[in-house]
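Both complexes shown next keep chain A, but they swap its partner, so chain B is in the first and chain C is in the second.
So, the complex of A and B:
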């Protein structure tokens, strides 16, 4: 009951600050940009000019699965940046401005407060991802060749877990620091650090969440779900839940100390 | 140049242009209704209109003042 109230408050707030409009639009643009621009690359190169007469530019014909990976590549860099920036103030901002104290005057459980925020962000990110990849799917089918909607939905399902982890990392740092800039910086630094560690210890960290896109590519190419993908997905979910619990504990101890 | 413009399949490009326009429009409407922003309003109008896609995003992330 209390959770629903917090959930609704958060939904309304994200509607008022237009996150429900601009985040999906940005995801659609990010995911559709590469399929379209790569298709028109020959024309773009031609119109920019500067090449000697008679130059033949051989560009590879991309398979639909390769184009999906291009879209995911955009989401992994700029998409992750957008997710961290739009979530950097979700708790930190309320702590800084004192709204949190107003909320916690009432007997609000910390776990309700944090999980409501987390859920709203997750829904927002998943809906944005779904719309974005549908845009990408639309262009792939027009420009590159057939790609089934089932495989695209599987891509959304597994890639969504990666963004879930990003949101969880951001929520965790939200409870540690009051300055939104620091929260965003540390979230991005953590994700970069994770990818470096995954690359260095690639033989041990087979199921690191950073490998999700790798296995998604494998899934698209072999048209079956590799077992590594399942295990990586499970590890990602466990880390996300762990971060969420850590966030609840951190906020509780921080606020009680004040 | 003309033939390049003709060669573009507008059925493909139009949805993207519409979505970009929508993003800028929402940002401008939000800006018009906002009581105050971080930085002057006119500066944000220019950023939203001139910097395609990136402008509205930057406005939503750092331009809106938290209330």
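So, the complex of A and C:
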């Protein structure tokens, strides 16, 4: 099957260029950094020194759900950056180098080409996210108190949708431009723009994908899934699929030799 | 049987016509050379035929293939500078190409082996393409273009980036492939076209300025020049030749006497007769066939 051929090629490529190694490591580092560093902050400050004798450092005791949000905070900034950087050349790079000229003169269905790339990136991102949040969960349980694995998996499930959207945005810009730098820039700009719009029109855009983390926090605090979270998740999925379809159409109508 | 008909094909970028109202057709089983100076629009035409560019106007029609069918199944294409996934091995890329063209895994592997053998890079099949030389890449490029047994093989400047050895090998390979499929290739090296193609399309500034079979075109542009070489005293014989009735004029270049004649066969007889009679120290007698180079210059500069 043609789709499997493309899928397998992407998997092997990401293995050989070590994405399967560094992306999970980066996610684990990003997600575990805050739980660990916040816990040891008093000791860190002390060992750095320079404070007068007898200084008492008092930090609030973080609840496990707050620490989860710190991990997500890291992923929302640096994690999103990593996702866009690693996906910026997936199609654009192939167009720029000219490989695409050899591939797309073969009877390759454009939807197979796009969806295979998308699927491989999604698997990579989800696996990395899962490993990262498991790292965070491990430290939370040791250092802050109990957090059930179920709630952590729900966090991964809903937050994964946000990263899915990021990948879809990147794939879409990949079909529009052939300079990876521009693809990365526009992807990040789009996400920032979305967040600004969501904040300005917060009363209308209740289900904007940018609100996912907000509702995830609510979920952790109330220990139940708010209906807004479900609706936002659905909206996120719909936008992602829409972007994929737009990417397929763009690639189909585009002159690939330019 | 006509394989491909191109009618009134135009392609413009930003309002500038790169290909202008080009029409041609060709029979299956032929080898057609698209010749033209740099910037004549050769690559644009080939890319349009391969489906990488969309025509601004005009039609491309493959015979025996329905409109709804994907023409890419029947085309093999090698760009001027083929770029591969350098992290793949030659064999992997071949199987990848085969699988994308709807061959089975086993069939792809079998074809890949056969073709890599044929193009002479079977020894390097498990090496990363990143480590291939230019000539090897070109040969891999041809092999991947024909893995699905296309009806039409399109090659963009297949030999111009190769050294003389690589060039010879690729030309020999093309001669073999000619037996199995229709080949359309572009070149600006005229002797290559002369050597392997049946038909020529001469392109200049985006327009077809001349087309036809090599034999017909040669006849059409034949110039009537006889070249004579002597062991001694060329000037002396120049004087004698000039007295012949069929000779228009003559000149000497590098000790070779070039005789321009009005009637080719008459002049041939006259010169040979007098040469035998007077026992001229003649070492070479050449009837000049117009080279494609001459024809090309003539057509392009007109």
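Criterion: the second predicted complex is superposed on the first by the 255 of 258 C-alpha atoms of A that agree within 3 Å, B and C clash if a C-alpha of one lies under 4 Å from a C-alpha of the other, contacts with A are read in each partner's own complex, and residues count from 1 in each chain.
The rule is short, and it goes like this: a contact is a pair of C-beta atoms (placed from the backbone, for glycine too) under 8 Å apart; a residue touches a chain by one contact, two chains touch by 3 or more.
The structure presented is a predicted model; accordingly, all values stated were derived computationally and were not measured.
Novice: For the overlay on chain A, clash or fit between chain B and chain C?
Specialist: Fit - chain B and chain C, as placed by superposing on chain A, sit side by side.
Novice: Just chain B (first), just chain C (second), both, or neither: which does A:143 touch?
Specialist: first
Novice: Which of the two partners, first being chain B and second being chain C, lies in contact with A:103: first, second, both, or neither?
Specialist: So A:103 only meets chain C here.
Novice: Quick check for you: in the superposed arrangement, does A:89 touch first (chain B), second (chain C), both or neither?
Specialist: It touches chain B, and chain C stays clear.
Novice: Once the two structures are placed together by chain A, how many degrees is the angle at chain A between chain B and chain C, based on Cα centres and rounded to a multiple of 10?
Specialist: 80
Novice: So in the superposed three-chain picture, is A:203 touching just chain B, just chain C, both, or none of them (first/second/both/neither)?
Specialist: Neither partner.
Novice: Just checking: does A:17 make contact with chain B only, chain C only, both, or neither of them? Give me first, second, both or neither.
Specialist: It touches chain B and chain C both.
Novice: According to the stated criteria, A:28 is in contact with first (chain B), second (chain C), both, or neither; which is it?
Specialist: After superposing on A, A:28 lies in contact with chain B but is clear of chain C.
Novice: Have a look at where A:5 lands relative to chain B and chain C in the superposition and call it first, second, both or neither.
Specialist: In the superposition, A:5 contacts chain C only.
Novice: If we overlay the two complexes on their shared chain A, which of chain B and chain C does A:36 touch? Say first, second, both or neither.
Specialist: First partner only, chain B.
Novice: Who does A:47 touch here: chain B (first), chain C (second), both, or neither?
Specialist: first
Novice: Closest pair of CA atoms, one in chain B and one in chain C, after superposing: how far apart in Å?
Specialist: 5
Novice: State which residues of chain A lie in both footprints, the one left by chain B and the one left by chain C.
Specialist: On chain A, the overlap between the chain B and chain C contacts is residues 17, 97.
Novice: Which stretch or stretches of chain A touch chain C in the complex?
Specialist: Residue list for chain A touching chain C: 2, 5-6, 9, 13, 16-17, 97-99, 101-108, 255-258.
Novice: Can you check the complex and tell me which residues of chain B touch chain A?
Specialist: Touching chain A from chain B are residues 1, 4, 7-8, 12-13, 15-16, 19-20, 22-23, 26-27, 30, 53, 56-57, 60-61, 64, 66.
Novice: Once bound in the complex, which stretches of chain C touch chain A?
Specialist: Touch list, chain C to chain A: 47, 50-54, 70, 72-73, 75, 77, 79, 81-85, 87, 96-97, 99-102, 141, 144, 148.
Novice: Once bound in the complex, which stretches of chain A touch chain B?
Specialist: 17-19, 21-22, 25-26, 28-29, 32-33, 36, 39-40, 43, 46-47, 82, 85-86, 89, 93, 97, 135, 139, 142-143
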